[in-house]
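Below: a set of structures, written as structure tokens.
Below, chain A partners chain B and then partners chain C, in two separate complexes.
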Partner chain A sequence: MNGRIIAAAALAIGILAPFTGIYTVFLMKALCFALFACAFNLLLGFAGLLSFGHAAFFGLAAYVTAHGVKEWGLTPELGILAGTAVAAVLGLGFGGLAIRRQGIYFAMITLALSQMVYFFCLQAPFTHGEDGIQAVPRGYLFGFIDLMQPMNMYYTVLAIFVFGFAVIHRAVHSPFGQVLKAIRDNEQRAISLGYRTERYKLAAFVLSAALAGMAGSTKALVFQLASLTDAHWHASGEVVLMTLLGGMGTIAGPAVGAFLVVAIQNYLAESGAWVTIIQGVIFIIVVLSFRRGILGEVVGFVAKRKATPAAKPLEPRPASAITGE
Partner chain B sequence: MFELIGIPPQALFGQLLLGLINGAFYALLSLGLALIFGLLNIINFSHGAQYMMGAFVAWLLLRYAELPYWGALILAPLVVGALGVVIERLMLRRLYELDHLYGLLLTFGLALVIEGGFRHIYGISGQPYAIPPSLQGGTNLGFMFLPTYRAWVVVASLALCLGTWAVIEKTRLGAYLRAATENPTLVRAFGINVPVMITLTYGGGVALAGLAGVMAAPIYSVNPVMGSNLIIIVFAVVVIGGMGSILGSVITGYGLGLVEGLTKVFWPEASSTVIFVIMAVVLLIKPAGLFGRA
Partner chain C sequence: MDDDIILETSGLTKEFKGFFAVHSVALRVRRGDIHALIGPNGAGKTTCFNLLTKFLAPTEGTIHYKGRDITRANPADIARMGLVRSFQISAVFPNLTALENVRVALQRKLGNSFQFWRSERSLLGLHERAEELLDSVGLADFRDVPAGELAYGRKRALEIATTLALDPEMLLLDEPMAGMAHGDVDRVAQLIRRVSANRTILMVEHNLSVVADLSDRITVLQRGEVLAEGTYAEISSNPEVIEAYMGSGHD
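Take a look at the complex of A and B:
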């Protein structure tokens, strides 16, 4: 099984990465965003729903975790669970509203709803407005693993990412995932086959929101900070960019995109406006010239050359399947 | 003076006027979005950035060419519209055969580039734009003070909205436009150049955003993020009104501006979210929007 080899290699790279001299905070940030993007892609890539408001789940979960850990003394695992749970509940509410419309309306509704969460985070007393929640203690995982040790924190983040990724992989390859793809490709047909498509879409939305929340909660612990940046619509745009760049039809593509986008942010951290300009340019280039994204193109190239199911575990989904090109 | 439920009338009518002004911009922008969506099937995410560009072009014209407000009111929308024509020809044109979402993503990227570019050059602090001398001052209506410029904005935007409606509903050009919205292939078969019409529609819709930007310049300070904050609210307005009818989006725009103004008087904390809450309620009751076709 070629896919298992790739997965094992990726895991080995993940385990060995901190020893290569790469800054662990960068790796942890990238892993958090990778999970965020993979969660987002569950909706866009496999259910065909473009949410432009996923920062709401990411950002709010970060606030909940930061507040819980700092003010209520929750342990890190409980803090992350709390953030994930709140994101899931919020996802149930937003998803329930947004799936009442399709296509571009879906995108506009999720964007507007997330802006509401942004204003809530700006005004609610516990979020401390522009300052955010600072100096969040990382604490002891399960009571005895000191997360202030960079290596302990790194492997915790890696474990959370692998768990989240496994959940998404399982969901996509389950009968539930098959129905989602059917809805993406032809919703009317799925309805005529007797599926209650709105329930499937809502379930996918809640799962995606919960995992996005888990990513946000983890990021709050890594940076010991929950701030408005993570709830801003820019963050929603960034996760779309990561997914699009990496390949929205593929299961691992968004993670690749996340690493690239976070790397760009890191190298250009000095000049904020340039990051925005470059992200915009990447959007334009990807939409105009390679809509399958990096991994989608690679998978397509390999599949074309070998004409074997080599890349099967990656589930190559050409853009045409999503867009009806 | 009389008081209304404990609110001094100056405050009440002042906020209502502000609401009406905001509503004027909601109406102008959602009108442009609806126009573009009707013919191109694209949600123009860069609409806010193009509105901001209108304001900036006016400011640049005043600063470097000493062109006064009235000149900018004509020239700035033309510049923004011309850029829109270029964007449509070079980029959007390639996406018509694809899913609508790609148009949204492309214009989102454009918005980032435009906003980032202006932020890089001019920073995020605003640039002041003086009210033209002929529109300075105001009149005391007894129950409130009405600044002339604000009255002008309300009247001008109403006239623009009605004018656009009249062009689309009452002229031959508008009839072609409506026909092309319904069935572009058939309209082409009658010998009408639909691709040119699409280009001009995008240019026109964008120019309308630029014009709104020029009118906004003396009221809000001219800054690179003025558009992105506005466009999200306008999206909610579009969802509430539905994009089916021109008059519908105009009425929704003004109505929601007024509601927002009233909320500022009675419950200031909720004023930034009230439109989103209304959107949620409308989605529950009438998912297609108030004026939308199901």
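Take a look at the complex of A and C:
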């Protein structure tokens, strides 16, 4: 029940935020990355799979949407759907190849595949190489909502985020999510109960890729730009950072982490190279002292006070669980 | 006669780079028996067990379960055929509650396990059965406790409840008593006996008094090969077995 109140409060903040004078482009960027991180965490936090190639979905979907909207005249909703669909198909390919390996090997395969996507984005004619696809029209949502109006764009992004977040929330709390958590906790045991675990991991991978793509597509409309930055492995690393900062295995933690990272990048932008150093220091502090991430620690603290063990967040897993023996 | 054999291996062999961990093992488990697999350390018990449960692929030989060749089946499939294993280290899902542990086993037969759009509430119908199972292993009071926080003996009990949720025809138990305190051993032994009522059990176990107490038949392995097979009385009077396994010090 508490969760509902917090969710309602968060939604209210989301609705009211533009009236506080906070720059809406910052909010929209943060929401896009928040969705990206939550989608990534569906895989890391709930299926126990560390993908190091999620930028491929985020970046390629952005290109597809930008190209579709600009060159083919797609409406914004169709552009986003197209980007999401392409990311899902790409996820099926990536997942199909990577899912058979565990731990570090899984991470390396996803990284290698995403590098291939990066070079595709660099070389393919429609992406315009280093320039990216610029001046992407935002268009009219459903034919009549003018997205050039900042408020319209903002609430569209908020709605997309809420939708994506709701999908993840439901997936985690579904029969499918139960099996996924069981696989994360003990895959061998899940197999011995008769589950063909690779299929579940693949389904989670595709879902995660599709939502990461939706985030990338949305970002392309917000910035009216699709560029190599979003497909670069830096973006893959950043999403890991956001997720760990916020708390993997908590549904909303990655969103908190994303807001934090985007805020640091935005508001400390004038300090130049210091941004990465500050980010690095914060990351080290969090990993060393609150291993469950910011939200993970908060949830853990509340659960301890109420002593309701069911609300307990994930214990950090031993290194062997990440690296796969 | 052959109808009575639920699990049968012939010429079962596992070679690791020239070393035969299991060599030409012919094992026949009768339906309804509690069958124990024993042997000194390094006799190939665990390898044999992993071959039977398909977690390892045999180098040679065949495995038949209920007359079907399962030599090349995968581990999830044999579980679906009613041949379910336990693990030596207690295999629970530590971040799921005791109830969820059992429920996830019950859930598969519901056939909605890929439905990521349905609410968890669609699983409420399984709670009654899950609670019954928890109750049967004495865990009724722990239903909402994450399995990772349970004491060792209770984890094992939970694992058994989870396994029983599948209503398996045959159970493969990998050292069910390993690392257990004395009081727990008796409790779990009783549980195994109760569970065996209309099932077949094959277990690897070190604790000889448990083996003597529970087993209908015993197969003794030594250096990857079958040394002897029979009832406890036959086995314990077999001079080769005494020599190889029990040692002169055993009573």
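One rule holds in what follows: the second predicted complex is superposed on the first by the 304 of 325 C-alpha atoms of A that agree within 3 Å, B and C clash if a C-alpha of one lies under 4 Å from a C-alpha of the other, contacts with A are read in each partner's own complex, and residues count from 1 in each chain.
Assume a residue touches a chain if its C-beta (ideal position, glycine included) is under 8 Å from a C-beta of that chain, and two chains touch if they have at least 3 such contacts.
Bear in mind the structure is a predicted one, so any value in this text is a computation, not a measurement.
Clash-free side-by-side placement of chain B and chain C is the outcome of superposition onto chain A. Once the two complexes are overlaid on the shared chain, A:L244 sits against chain B while remaining clear of chain C.
Contacts of A:I104 after superposition: chain B is touched, whereas chain C is not reached. Once the two complexes are laid over each other on the shared chain, residue contacts for A:S174 go to chain C alone; chain B is not touched. In the superposed model, the vertex angle chain B-chain A-chain C (Cα centres) comes to 80 degrees (nearest 10). When the two complexes are overlaid on their common chain A, residue A:Y195 makes contact with chain C while staying clear of chain B. Touch criterion met: A:T276 reaches chain B, while chain C stays clear of it.
Legend: residue contacts after superposition of the two complexes on their common chain; A:A39 is shown touching neither chain B nor chain C.
When the shared chain is aligned, chain C comes close enough to touch A:A182, but chain B does not. Of all C-alpha pairs spanning chain B and chain C in the superposed arrangement, the closest lie 11 Å apart. Touching chain A in their complex are the following residues of chain B: 37, 43, 91, 94-95, 97-102, 104-106, 108-117, 119-120, 228, 232-233, 235-236, 238-239, 269, 272-273, 275-277, 279-280, 283-284, 287.
Listing the residues of chain A that touch chain B in their complex gives 50, 97, 100-101, 103-105, 107-109, 111-113, 115-116, 119-120, 123, 233, 237, 240, 244, 271-277, 279-284, 287-288, 291, 322-325.
Those residues of chain A whose C-beta lies close enough to touch chain C in the complex are 167, 170-171, 173-179, 181-182, 184-186, 188-197, 199-200, 203, 207, 309-310, 312, 314-315. Chain C makes touch with chain A in their complex at residues 53, 55, 74-77, 79-80, 84-87, 91-97, 100, 103-105, 107-108, 110, 112-120, 122-123, 144-146, 148-149, 162, 166.
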